[in-house]
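In what follows, chain A forms one complex with chain B and a second complex with chain C.
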Partner chain A sequence: MSVLKVGVLSCSGEECLGGTISRLATRKVLEELKFIDTVTLCLPLYLAGGEEERNFAKVFPTISVDGCDKLCAKRSTEKFSGKISGSIDVSKIIGNENALNTKIVRNKDLKDEHRQMIDQVTDEIVKMIGSISPDAYSGKSFHGCGCGSE
Partner chain B sequence: MDKKVKVVPCSGIGKVFGLMAREAVLKTVIELCPDKSETVCLAYIVTGDKEVKEKIEGYDCITVDGCPKMCAAKNVTLTGGVVVEEIKVLDTVKEHKGKKFGSPTQLSADGEAVISEIAEKIARKINEIN
Partner chain C sequence: MIDHFAILPCNGLDKCAGLISRELALKLCESAENEILCPVFYRVSDKKYNKIASERPLLVIDGCLTRCASKLAAEKGLKITKKIIIAEEAKGHGIKLNDNLRITDQEQSLLETLFDELNKNDDNIVPPPSESAMSCEFLYETFQNGKFIFRIPKNGEVFFNENDCWAYVIGNRARIGVTDFVQQNLSDILYFTPPEIGAEIDQFGELGEIESSKSVFELVSPVSGKVISINEKLVGKPELLNENPYELGWVAEIELTKFEDDKELLIGFDKYFEIMKKKVEEING
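Presenting the complex of A and B:
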């Protein structure tokens, strides 16, 4: 019997707070979500990696999490890997001004207000995962991530 | 013309080394060399959009990678960046055997110390160029 697993791909953008929040909310889902298995992949592996990595969204129903409205994770996943099951734009949740903050990007600079933003985005990811049909899982296996993200 | 050196980490999400690459770069561009360097989102580079190509193509770039897949170095090169230095987090990590650096979510105190070392290396290179 195949177990439903959902892929969560974050842009992890380095230029602004939105990217940091996308990354930390994705990590939180991977570490804490109990009702369903989640997996991820380093996004830059789409170009740098091989066929296996590019199959990610064909194997798992996948949700992209982007820090701003450039939607890099969503667009790259659709371009290299196929259709995604849902997409989150962090700037729509925390506001553009917060998402595009270029001063507070490092983990160590985050304050309580930013931790709350991470929780808000985490909730949205979990809600989206909950709406995915169990039929969406391909049942195929995947051994793609070079840095052992699964 | 913008002469700032582009410093691009892989920000790998599965192991602590990707976070170390990310934090070392952010420390460099925000704290150590804000006037001489800047970062560009690697996921944006991966899209190949015209605007991001213009930011990278022909510019001096330093890449910082968390594993031998070298995603930052490869993607920046594919986009036309001039990679003047490829930094591998594992080279510095090897000099700190037995230490625990944290998780892909949070660095430990040892992890913070090692990323400061990597950031100093990056800053030295930036100061050589600029």
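Presenting the complex of A and C:
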């Protein structure tokens, strides 16, 4: 059976609301929508030199989700794992003013407006996952467990 | 109480423990004048955080034993005032964390408990004077020969040379010391001559001396770089080397200059364990 996996490398930033929305939208894709062939890559671990995360992003198509136009996730992925398959800048979806709002929001304090933002970004991630063609796997064989070891 | 601290959480996004680290950091910021250092942006650009990190005491909150936040603190040369690892705390409190990314009642309860503990235990907040971000609790493998017990750290970040010295490497820094083989063979250590702070050391260059009534041992540095600190306690109490040559009896810290090259001539736990066993058997039979 062919197994196609997609990695999502999301901003886990605390600088602004964009980071919070990024991580919550990524979690929603995995936890609620249950995209079983989608894997979150931990950005702090990836940056700290996590070989498994970096190798995954080299082999499997990976999408970056950034909270603001600093694009920490996108830039890091390109630096350590090469070309990415898609990039989402949350500030372009929810607006720069919202994304750069520095008031920290804890999960328990989420309001309807935040949930709407999360939904908008979730839709974009889902669309992007759906648009990835098998060509994005660089001609590698993906029959097997999908762990990257082929 | 945790107040006017800089807080560096791991903010991980692949384990529940990472989420708790973030929530705990946010709660501590809500309740007092603490400030979060974003572990992602800090790595990409440190200008924004250098001042606050140098002026305030630092609380590091790691999610799991990979300890990404501690490693980041070490790379930035920050002194850690207090650190906790959520996964370890959960274990200590008898809580099995979720496999998924949800914070349920039990994770929430752990969060509240840790928050209370951090704010109550003032004693725990005062750092030992020599503690730096390089502090580590090693995991050991041991073997016994006669009455002697030898311990060797098996953490992946620890490297050895065949001269019985170890280097614990985090980012661009390494803490250096000697193994149990050295201290057991020297027997009672009487003097420690440290390297000079600021000295540039080549790989396999001399990094101080240890002397016992039996002989003098020259430390052979496993890595090249600049000496940035020494274990001051060891100068007055060289017997700490006999007591524990790893956590207590470390010798010096070095800012690495070419670790990727140095690594080619170093060995990991598995190989050193066999070498050390062979040496012990040759000496003691």
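Simple rule for what comes next: the second predicted complex is superposed on the first by the 123 of 150 C-alpha atoms of A that agree within 3 Å, B and C clash if a C-alpha of one lies under 4 Å from a C-alpha of the other, contacts with A are read in each partner's own complex, and residues count from 1 in each chain.
Rule of thumb we're sticking to: contacts are C-beta pairs under 8 Å (C-beta built on N, C-alpha and C of every residue); 3 or more make two chains touch, one makes a residue touch a chain.
If you're wondering where the values come from, they're calculated on a predicted model, not measured in any experiment.
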Taking the superposition on A as described, I'd like to know which of chain B and chain C A:Lys111 touches: first, second, both or neither. neither
Contacts of A:Lys70 with chain B and chain C, given as first, second, both or neither: both
Using the touch definition from the top, say if A:Glu15 reaches chain B (first), chain C (second), both or neither. both
Residue contacts on chain A - larger count, chain B or chain C: B
Between chain B (first) and chain C (second), which does A:Lys103 come into contact with in this model arrangement: first, second, both, or neither? first
One more residue to check, A:Thr40. First (chain B), second (chain C), both or neither? both
For A:Glu31, using the defined touch cut-off, is the partner it touches chain B, chain C, both, or neither? Pick first, second, both or neither. both
Based on the A-chain superposition described above, do chain B and chain C contact any of the same residues on chain A, and if so which? 10-15, 19, 23, 26-27, 31, 40-45, 47-48, 70, 72-73, 75-76, 106-107
Mind pulling up the chain C residues that touch chain A in the complex? 9-15, 18, 22-23, 25-27, 29-30, 36, 38-41, 43-44, 66, 68-69, 71-72, 100-103
Chain B contact footprint on chain A (complex, rising order): 10-16, 19, 23-24, 26-28, 31, 40-49, 67, 70, 72-73, 75-76, 79, 103, 105-108, 145-150
For the chain A and chain C complex, residues of the former touching the latter: 10-15, 19, 23, 26-27, 30-31, 40-45, 47-48, 50, 70, 72-73, 75-76, 104, 106-107
Sort out for me which residues of chain B touch chain A in the complex. 8-15, 17-19, 22-23, 25-27, 30, 39-47, 49, 66-72, 74-75, 78, 104-107, 112
